[in-house]
Each structure stands twice: as C-alpha cells, then as structure tokens.
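Chain nomenclature is as follows: A, B, C, D, E and F, assigned in order of appearance, with residue numbering initiated at 1 for each chain independently.
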C-alpha cells in the first residue's frame, strides 16, 4: 500500500490516512474550513478542507481513517495536500487507526525477550532486585511510551525500542571493554530513561507532565531507586546502590544537559555514549527516510540544525542484504 | 588578645595559635624540618621549623595549641612566620583548640531560636511536617557543618549561619513581594543545603564524601523528602510536595551549576537569588577582612577571580553604629 | 468593570478599550481593512475590522477609547477579537485614555515620599548632593518613564516603581549586612537606571533614542555624575565620586551584559543582585497574571525562555491577606 | 617482577627501571645533581640524585636500565623516589629498555590480522584501493606510533591499538545499525588518525612535528587521499571519494575540535562516537590503574578534569573471568 | 534611470526590472496568481500578480525584463510592489538581463591588472608557480563567482572584487609592517577563497555544491596546492609549501569558524584580519545603502544581528570628493 | 654593544645592564641574598646574588646600571644568569638607565609630526577642537605611557607608538574605503586609548590605578569628551559628539571585552579592527624576536596561548631591504 511520502510533488494522491488533528478555522471572508493534519507510517502532512458543513466537521474528527483523493503540493516550502475528495474509510477497508501510527520496528514480545535476557545477566543481587522491582511497576506503560516528545524515538513503543537497542550495544561493548561491570552497565541502561514513562503524558499527543517539568525524569528514576530499596530492605548506603544511582543520574553526561553529576565511573560514561549513539542514529535515519538519494534532509534541530546527506550509490555489500 | 592578622609585615609576633597541620619534610641537604600551618580566628599562616628532633615532631602535632614567638614575613607574596621559639600552651593558658577555629558570629541558641520562629511561620501542614522530619534527623550535624569545603561559610556552624541569614532575607523580601508563598519560601530555604551535612565530611578537614561526589547534595535532599513522605504518609503526588522538591532541586538556578531543573516558580527563583546574595556577601567580606583600607584583596576564585577594593573613607552614618 | 483578559476563549465580549494602534491594510482581494491593537490594563489584543470606509479610518485612530462588542477567539495560538460592532466612547462613558494604560501600582506621591526618605538617609555629603542634583534634572520624566522597552516594568511610571522597590530591598538588606555603606547603596540604587529617562523615548510607543543606542544608559548616567561634580565643585578624584561612578557602571554585573567594569566593591555587587531580583520578580508575576492556576505561562524571553508554573493550592497563610 | 606503582608510600624500593630523562642541575649552594625521571610499564616517577660526579652523569644517561634502591616518598603531593643507591643493570639482568615502555596489550601480528580482516570487508573497490594504498605507505610507522602525545593511547603501538579497538566497535555496531555502509565505516575508521604518523614525531619523546602543527593530522590524511586518487587514477569527483574524505575530515565532530566540517552522513557521525568511546575508555582505565579501590583517581585533564572512582566490590560475574 | 530603491513608500513606480523568480500559487479561494521577486542593481522587491492566465505564466518567466507600473507599499514591514500593469520589455528598450544584476564596482580588466601586479610581487619562486597554476585553472570562473551565498560580496564578480580589495589592504599594511613576507602575504590573499569557485554553484541562484558542503572551500584549496605541487614537481615538504598551505587553512582565524588550524605565523594572522575587514565593510555598506540618513539599517545577521546607523551630517572633507 | 638575548645558553656573559628590581631574600639556611631582574633593550632576565652584605644591598638598588660578568643558564626552562661578578657602571661607562629600557622604535619628534599631520586632516571643527583639547591636557604623559601593563606595546612611549601605527593604517584604509569619514576615523584613533595615561601608573613598574580599575580607560576618555565639550561650549547633543563618543566607547568591539556598546557605525568597526591588527602584530613580533628561526615562540597568553612559528627561509624580496 502506497504511503504519503511515496508520492512526489504534483502527483495525484489516492490513499488511506489517519486524521491526526482537525482544527476548525474561518477564512478572512468568514467561511468555515478544516485545517487537517493527516498521518500514516511514512509521516505527517497538512491539508485545508474548504467550505465545510457542520456534518463534515462531525464526520472528520481526529482518529478517523479516511480515503483521500487529492494532489501533493508545496506551500512555502512545506509539503501539503490539495483535497479533491475525502470520505471515512468503510468497514471492509483498512480503518484501524493503529495501522497508521509509527511504532517500534520490532514487536513487544521480542523486546520483552531481550529484556529478560539482559535481566538474567545482571548477576549482582542488589541491582537485579532493584531493576526488577522498578520494571514491574512500569511494565505496562514502558512498552507503550515514546522516548521523547519530538526528538528521537518519538513514537509508540519508542522508549522500549531505544532501551533494547542500547542493551544490544552495551552487550557488544562489554565484550570489547572487559573491565566493565556488566550488572551495572545493563541495570543503568534499563533504568536510565524509565522516568520518561511518568515525565511524558503517553504515546499520543505526547507532552510533559507537571512532575516531568518540575522534577525531571532523571531525578524521578532516582526516587524510584530510593523507594525500591525501602521496599526491598536494601541498604541504601551500599556501594551497589550508590553506583546504580550515579549511573542513572549522570547519563546525560554534562551538567548543562540536566545531569546533576557528571559520570565518575566508566560504566556511567559508557551509558552516556551508548544513549547518544542510539538517539543520534535514530534522528539521522528518520531525517534520511524522507530524503531523496543525492539530496540533503531537512534540518534536524536537536543535532545542531544539521542537514544530512543521503548518498546515491549502492554499496555492493549491502545489495544482497 | 592579639591575633595573627593583627600583626603587620616585619612585626615581632608573640601569641597563642593552634597547629592546624604539621608536615615532616627534609631539606635538600637531608635535614628534617616541620612545615606548619598555624591558625586562629583571624586566619591561617604557614611557617617552617628547622632542624627538628623526633621529640619536637611528637610534641607539635596538629591540634596542639602553642605559644609562638617569631617574626611576620613574606615569602613569594604570601605571609609567613619566621619562628624564633615555640612551646605547647600550658594548663593555665588558653589551650582549648576550639578557641582558635573560625565559627559562626551568632551562637547556636540564637540560631535555633530563629529556626523555630521560621518553622512556626510554615503554616502549610505538609511542608511543615516534612521540614520538621528532616531537620530532626540532621539536627546535631546541621549546627556543626560548614556550608562548603572552601568557598563561602567554610567554617564550623557555617551551614546553619548561612541558612539563618537566608531566612532573614527571605522574611524581609516576603514583605515586599507579598504574592510569594511564605511556607514554600521558608521550607525551601531551610532544606536547600541540608544535604551538605552528608555531602561534606564535617567541620574539620572538610572534604566531599563518596555519596557527596556520586549523588550530590541537591539530589540527596530530594531523596530525604521522598523518605519523609513515606514515613509521614504524605501523598507524594500532592502539589505541595512537588513544589517543595522543585524548589530544592532548582536552587542552583541553572543546569550548568548542578540543578537538574531550572526555577519554574517564583519561590524557587527567589531562593536562588537569596542563596547567591548570602554566599557572595560572605566571600567578599572574608576577602576584605584581610585587606588594608585603600587596597585590593587577594583574588576570589569563586567570584570569577575578582579582587575587591576596601574603601578608605569612613561614612559618618556608620560611625555611630 | 470587566477587562479583556477577564474573558475566556469563545466568550462574547462587551467592554471599553483603548485603540493602541490601527494600521490600514488591504485584503488579497483588494478590500481595505483596519488591523487594530486594543489595550486595557489587563493587556493587549489584536483584531481586524473588515470592509472599512474612509470615515471609519478617521473615526478609529490610535488613542481613541471605544465601545467594543465581539467574540474572544484564537488565531494561530494567539488571542484575538472578532469584532461585531465598535463605536467611540461617549462623553458620559469612561473615555479617558489614561484609564486603559498599565501603570505603577503605587501612586506618584507615595513614591516621591519614599525617595525623600531614602535621600534623607544618604548622609555622605558628596553623594547626597550629586544624587539630588541629577534627580532634580530628571524629576518630571523619571516618574513617567518605563524601566524598559519590553522586558520588565515596561509601563508608565515603571522606572520609578522599579527604583522604589529596589530601595525597599536595599533598606532591609542593609540591616542584615551591616557593613554595607548605606549612603553608597542608596545613591547607587537611585541613580542606576536614571539614564533610561534619556535612553528610552518615553512612556508610550517606547523605543531607544539615538543616544540610547550609541552611548547607552550606563555610560549616560556616568556622564551626569561628571557634570554634577563640575556644577557642584566636587572633586572628581574623591573616593566618594569614584565609588559612586563604579557602582552605577558595574550594576549589570558582567561585561557581557553591558557593564564596562565588574563589581569590585560589596555595594556594587549588592545593587546588581537587587536589580536582578526586582526585574525577575516583575517579569514572572506579569507572566503569571495571564496564566490559569495549574497551567504554565507563555515563555518569557528575557528569562532564558522559561515558562512559569502557577500553583493551584491556596496557602492558608495568604488566605487572610 | 614488582613495578614502581606496586609500591606504597614509604615502602623500601628495590627494582629495575629505565631512565627516561636525566637533567643536570645545580643546587642553590652550587652543587651539581641529576634530576631523573624513571619509568617502567606501571608509569613514571621522578627522583633527584645528589652530589653527582661527571662519571655519574656519563653513566646514567636516558635510555639506560638501572638497578634502583630507595624509598617511595611524596613531595608536594606527587610520588617521588629517594635514591639510596643506583647502578646500571648488568648483562644477565633485564637490561633491554623495551621491557620498560608501555605498549599495546595485543601484539602486532594479531593487530595486522584484524586489519586484514577489515580490509577484506571493504567491498567498495574505490575505497578498498585508497585505504590499501595509504596503509602501505605508512605500514611500518603505523604500528609503532602512539595515538597522542599525552592524552589517550600515548604509547608505542597506541595508534594501531586504538584503531583496532575502533574496528571491533564498528563491526558490532554495523550489525545493530544495518543501514550503515560497512565499506565507508571501516575505511573511515582505518584512515581517521593515520595522519598522526606524520603529525607526531614517533613513539619516544613524542612531540608535534612542524607539519603536524601547521597543517594538522586531519587535513594531512585528506591530502593523502588526494594523492592516492591521482596515483590510482580514481576520479576524485566520485561520491565514494567525497564521502571517504568527508568521513575523515569530520571525525572530530565539531568545528571547535578541529574538524573543518561537521558530520553530515551517518557513517561520519558514528566514527566520531566510536573514536570518543575508545579514547575515553582508555583514559579512564589508565587513570584507574593507578588508583586504589574505594579511592578517586588523579584528575584527567582531557576529560574536563574529572577524577574517577574505582569501585570496591567484586562483581561475582567478573570473578570467574 | 530611476531604480526600485530610489522610490519611497506610496510612490507611483514606473520602471524596468528583471524577474528574478516567479512562483505559481493559488489564493484560498482557489484562484491562481504569480508571486514575483523583481530585481535591479539597487536591490530586490516582491510583488503578487493576481488572477493570472496561463499566457501570463508563460510570458513572465524568471530572467525576463519587464516594464512595471505600480505602487511602492509595505507589507508586514517589508517593502513590496502593488502591480498596476506589467509587460515584457521591447526590443528597443533596456531588455538585457545583465543590466539588472549587481556586480563588482570595478571591471574585470582593471581587476586582472591588479592581480598581475600582485603576481609580479610574489618573488618566491615556489609560491609564484603554485599561485599561477591554480589561478590558471579557475581563471574564468574566478571573475564570475560571488564571494558568498548571502553574506558579503554576494554578487557576480564578488569573489574577485573581494580579493582585489584585500590585495590593496595587504599592500599598504606590508609597507607598515615591513617584517611581513610579501610573497606569502599576497599568495595567501589570492588563494584564500579560490575554493569558493567550486564550493558555490555560480553567480546566479547561488547555492553550496555537494563538495562545498562535505569538504568545504578551505580544505578544497589546500587540495589544489597538493595537486599543483605534484604537477609542478615542487617538494611538498619545503617550508614554502607548508607556510602557504597553513596561511590558507588558517584564514578563518579560529577553529569554530571552520579553520582546522589557528594562525601560527604573522602572515596568516594578518590575512585573517584583512579578510574580516573587507567582508565587514562590505556588509555594513550594503546595509547602509538601503538606509535613510539618521536611521538605523535592517539587522545584519552575519554581524551578530547588529543594526547600523547612517549619519546625517556631511563632512566638509568628503564634500569635494 | 651585545645585549642579554644575543647570548646563548651556557655562554659567558659580559655586559652592562640595568637593575630593574632587587628583592632581599634569605636562603633556607638563613643567609641573605638578592634576587635581581636585569634588563636591557633586548629583554629581561633574572639572577640570584648569594651571600650579600648590607653594603651590596645599598649599592645594587633598582635603577642602577651595572657591569655584569656571569654565565647564561636555564632554570626550570627559563633563562637566568649565574653571576660571577657585578659592579656599578662608572662615570665613563654607559650608565644612563634610559639606554636600557625598551622604547618605541621611532622618536618622539617624528611621532609628534605624524600626529600633527593627522590633526590637520580632521576637518570637522567640533572633532578637531575636542581632540586638540584632550591631547593638550595629556601631551606630556601620552608620549611616555606604555599601551598596556603586560600585553602589547608595554614599553615607554608604547601608547604613542601604537597610536601612530594605527593612524598609518587608518590613512591607508581610508583611501580604499572612501566612504569612511576621515575626521571621525582619525579622531577616534587618536582618542581611543588616551585614557590609558590615567588608567596605568606610568612607564615604569606599570600597574593599574584605582580609577583605572573602578572606571576603566574606555569610560574615562568618554568623560574627557564630556569635559571638553563643556569647556569649549560644544553642544553635547550634536551628532558629531555622539559619534565620536560612540567610536571611543565601542572600540573593544564586543561587550565581553569591556565596550559598553558594540560598533554601530563603520568608523567604529574599522577602528576596532585597526586596534586589533596593531596589537596583535606587536605581540607576535615581540614573541618572535626571542625565537630562533625554525622554532616556535613561547606561548602568548593574550593571543589564546598560541605559540608562533619563526620561518627559516629568507625571502629574496626582503633581502635587499
């Protein structure tokens, strides 16, 4: 099934999309219209629907899957759709909204399996118990939550997917740098962003919660470690606990990025870099996915506003993949 | 009783001082000597004691009060003492080491009274209970602890004295900015640096503890609020608790100074400035205390290395004070 | 009388407002319309008035108070008014434009009284004479001028009100830090922003003057001290004069904020902080005034683009106020 | 065989070391002495040798292995040796200087093998030819050169070892991020620091060469790609060549770290992070190697002057390794 | 002949202009129109042409000179034209597009002459040969190319004009600082920006090329020196070559501005400043050309967003010029 | 006559020098000695004179020219002299201290002539009168004063010499950028650093004065313009005066370098760059004067700690100079 961003400028468009938002507006000549944002797994696009009736407004609410006919245009450099005709998708058509939302490229069962594998390798008893306690508390939301509001992994399941990718990197780096404490490394990776489950308001229309803004996910997960220790009767002054807390608190790497302490043990430094790599690779590949070979992507604000180049040649090595 | 810094360069010196440190060294010609730091409430000064015997080393240990005769000199721009004669202070002489250590200029009873007055004005029940719970836990050490290792209020009782001064400012500013929530303002002031009781190793030979370095006093006090809520059965999601936590977490003002969040409510912004004012006034007056009128002080590292000027004129207004 | 910002989105609006600006424009279909900014003491709002006649343009000039009927809407996230009907206010209606302009919350007489009180406490003769000389020159404009073009205290009388607030803080801090020279502290506070009388073009449609841009208010007040000394035959090399100049020149605290020297005496450092506190408290409370309890304000550009939280609970202590 | 840093403060020392430097100096009383730096694979330490004869000076030249008897002391916080007796190592003693120099922990043959394996995986013909051409030119020095003058991998073979570690990371990350072009990634890793062979003066007494200072290793390797293309008749305008150059030029990540362009393709961004990880892990483990469990290391200048903590507990998981 | 910016706001306009761009758009009521940018040597201005026919779209393509009647207006603070009538310029009218494009104020022949004069003064044989070799390669494009996409000298011939101005400054400064090596100074000036010929896509619709973005003009000219040496059999290790390369590489002055090395010889430092002076004077005079006396210019982004003042008085000295 | 820095390390030294400073010290074994700084026009060097008598101390006071025999050595990387014998210079020997002090390379008469030439070209009457008034006030000290305490032109007459060099550059640039107002450019150059006459304590043992520290030379010269206008009855609101003040106030270019305003007219921007060029060229050539060809200089703190390279080759062009 063709997607929005499979069409070029000036192409006739004919496809199913999800209405992400639908704002009622009026023209300067006082006529009502709907300002839509449509969405499928290839991205989002806006469109205006002129001269709407009250019935239209009722019919085309956010969350509705529609059949869209129109033309792919550009307005002030941004892609938009000129609508010829729209109607709600029918019963026998692909009308499940979840089909149109970006999600992690591996399914939840596979991710749970990888988490369990990592938990198994956390042989330090204190750390293992703390991690299990906290993950149990958040297990449902953790696999739904995005990893950020807008920057990287900003989709349903993004947080778990980001964490799984980091576990994979952590595993391979622990084989290269054999001095690293695997229990601490894996525990830190699993917990580092769990606070985002509470910091962010959930997978759709994601925003920061009050607690997210006033306390922040870094300190929130530290609080959860405190609570876990009290429940599990683990001595908070034990070095295991101090190091685990430190690893989570320091994972942004520098004070100016919101960590109250900078990494002072190798595992903390490593988790910071693993987090960076996975976030940045995700942002670059998101940007390049919407870019033609031989062109530069739109600017990526969270990467110093850089614009990335998509190469034109096909490497023989990746041909056969 | 005359103090070290009451003497000028080249004066003959004749006074009681405390040995703060005494390092055994040898000259290039292999002769043993003691490198002393002497101390009284006016400050510290170094001195070398040549050709020492093993008995001398035994006799002149750190913590001993001695009678010192010598000459106030300068070596590479720093004041030092040339020792003519030293002997331990006798029974009937002022040989209590505590007499020679800098301490808060108001006594503990007076400070406790001011704290109780402030606690009385915290009418918000949640905040009042949390503050009392935490202060009870640290009450002994709180009145002993310095407020910093080297920068400001780095003396026994300095933490309590710094906090009392801040309460005074907070009280007067709350009368000018009447929208401020007094309960939150006072609670935040009292708790903001309590974590230093654990972050620093105590009033003498102060250093950072392991927990101080890996977690930091800002997050440590946040943990104590979490623990207090659990003990006191206070709902941690209550706005009272969130705001109190936020006020403490944000009091360094900017991420790069170690606060994981920046102030987002007026009370948090105000506490940040009150903290700044008291710390800076303390550092400037410490520097000026050792400076002659009409001269510039030594450079103050924690204030961008500025050197402050001590004015020469006497204002009639302050004459009569 | 209800004000603009007492209405919610989609409310019918029925009130008197002042026309702050009225720009003639044409629609894409070549029809003339007026783009208004309306104002009352609760803030400003924009509105378009379609299909205007030349008589309308004549009738609805800036400075006119009008009766407005319409609807409170939002356009691209900003509040605006959809006009149903407007007419100029009549004789027996509240048609004095001054009623609609934000102004200092204490009246001029009260402010003059506080200034005189402060002048009385400047016992240093040189400083007292210089301050009186300069204030006499600017006395009219000083009580009219805003303290800034857009950031803090940007309203008629804002400069005097800002200075009075700072004097109150200075007075209470001088009682806590008794080493401070009250004459210098008060003189510095009074003079620190007087240059803004000339730097800014006045209380309405405030902009920077040529001199304001090329010289700046910090250096301009220093020039006035030079001129005062010459008129009053005060020796410019006297330490009193140097310190007063320094206090004014250094009040922005850091070179990058426009002070040609950093504070090198305690009074200069203190005035910098007092200025900061009053400016920031004013900006936060302006932002929170337009914010609903439990919500975050619009971003405040001059405070690192922070958005402030308005708490929901009522503190019992402030109930009775 | 016990090494220098196996001894504690105040231990009697009895071991073989290499003289790294030996400066003739005179005491204030005009007596000649030698100021030594001794070295073995555990680190470096200084010592003064008093009252030397001209024969001593001749006998104890840099590069000589000696038998050292003395005492491990501290002078101004730095470890030093008080010499009791020294003599050159004899024929039947371990007198080969190479035994005392730090070197890569894997031998050259193993490293060559890993390089060949990586070269085999560079299936892009242009890149493969360019990389082979350049590596052939530097093959001898590449396996001798340190990777830096002082910071990370500052030992014989350090450059090759650093590159091999990066290849291992690159290989495992290319399995996680399967979009990455393996040819480009491996080519970029191999070439990124080859310029250091010329930028640095060699494995002992390493310093920057004139070309190193005026041109820099980043631009120097770019020049080598230009030269390789001309020799191999490869079209310099081919995207393969542009991307390879870009990857090398951008590997410092930011302009302020000396890259004339920032990474604009995913492989360049990734190489930057791989380089960071390996450099930082090397610096941390160097610092921790000289640190006691439960203590903080000396400050590491190239890592923002941080001091790292060496944990005390033994993780069961690493016991069995 | 009167130019666009000779007209004031609200003037009737009657002149020939070049169509720089013409974008087809539609109004909200679905009517097609053309959004023009017109251009002459005084600057650029935009205009909308309503209700266009397909013939209009064909007739008014970019690159066409037209006769324009209309009115000079302002829209949101920017000047624009309200079109009354337009038609293509006729045969006997000034219809050559080149007449409307900004260009260097001195002609090519004069610039070539100054270059030859400078080349003559490069007496160092190596440098002279390298400079001639490279300039020969680019001679055509060099005199067409702008010096930047938007900032300074962004017009046809701008690169050559910028370089000629710099040569004039270099010549006069070399007479004041007689230690400077004239050969190196002139060679560095001539080559410093030659890479822009390839970095930028040419004199019209200027953009960065792929090579310009991935490699950058600084490194590109360094590559050309490498190639020149190989063709001319000049030893690349000769100090002449190293210094010339260094001068070009370092001319941006600081790493963060894209130079991979900072200036380490006086000629490199000097070229950096000469470049700055000419770029900044060009930007200021461009901004002031569009500014009325006694007013401030629009903000100049590349000069920290400053807005420059155009003085009102006429200096007698410049009267007679 | 051979100078200090004409000697190499380990050379026997035999020459006349000036005693710049002579500090009495004692050895650890309580013997008095003198710690000298000697000086001639090639630079400064330190030396210790052991076992001095009170007569020696009397005889070898600062300001005395002596005959020195000794050896040029190095101590911790810094050159020093080992004294064999010293005696005061005799009547018939070169005993005038002024012969040993670095000074401007052109004499005062020549500089005065250049100033007069520049004054003649300031045709704007207001500026001409202001400049003459201020220069008359400082004429004596201006030609004695250094331009800085340590950085650039830190020698007797350095201020005037720096200003003359800037006038030369200003003259030649005004011929290239003919829009510049010559009166303003020359006036700004002459006045820009005159405040240093008062900011610095004079040509020997230069330090900052109290006024220099509290007010700064930039604001001090602005005050002098105010005073000049009052004496000369020039209207301070005249644009001539505003622009001249602005030019002086803005000459440091950026707020963080101490200018209270940034340059907003082309003449101010140009003066900033001219000042930079002359200061930096002076610092580089001072550093290179003490450097061997083919070597790098000591680090220059005020130029970001760079170390400059002295080239080895002789350019044929400069041979004949």
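The rule is simple: a residue touches a chain if its C-beta (ideal position, glycine included) is under 8 Å from a C-beta of that chain, and two chains touch if they have at least 3 such contacts.
The structure presented is a predicted model; accordingly, all values stated were derived computationally and were not measured.
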### Task
In contact with subunit C and with subunit F at once: which chains are those? Just list them.
B, E
### Touching subunit B and also subunit D, the following chains
A, F
### Equivalent of C-F within the choices B-D, C-E or A-B, defined by over half of its residue contact pairs recurring
A-B
### Message
Of the pairs A-B and A-C, which shows more C-beta pairs in contact?
### Response
A-B
### Query
Of all chains present, which has the mean Cα position farthest from that of subunit F?
A
### Query
If you list every residue number at the subunit B and subunit C contact, are more than half found on both copies (same) or fewer than half (different)?
same
### Distance from subunit F to subunit B - Cα centre to Cα centre, in angstrom
44
## Note on the structure
Taking each chain's centre as the mean of its CA atoms, subunit A sits from subunit D at a distance in Å of 39
### Query
Any idea how many Å lie between the Cα centroids of subunit A and subunit F?
60
### Distance between the centres, which are taken as Cα means, of subunit E and subunit D, whole angstrom
46
### Query
Using the touch rule from the top of the page, what residues of subunit A touch 2 or more other chains?
28-29, 210, 213-214, 243, 264, 296, 309
### Task
Treating touching as the only link between chains, describe the layout with one word: line, ring, star, complete or other.
other
## Note on the structure
One finds touching chains in the pairs A-B, A-C, A-D, A-E, B-C, B-D, B-F, C-E, C-F, D-E, D-F, E-F
### Message
List the residues on subunit D that touch subunit F in their complex, please.
### Response
28, 210, 213-214
### Summary
Counting only contacts in the complex, subunit B reaches subunit A at residues 210-211, 213-216, 218-219, 222-223, 226-227, 230, 237, 239, 242-243, 245-246, 249, 255-261, 264
### Interface residues, subunit C side, partner subunit B - complex
121, 123-124, 165, 168-169, 172-173, 175-179, 181-184, 239-240, 243, 262-266, 269-270, 273, 276-277, 280-281, 284-285, 288, 296, 304, 306-309, 311-313, 315-318, 321
## Note on the structure
Listed in rising order, subunit B residues that touch subunit F in their complex are 27-29, 48, 50, 296, 309
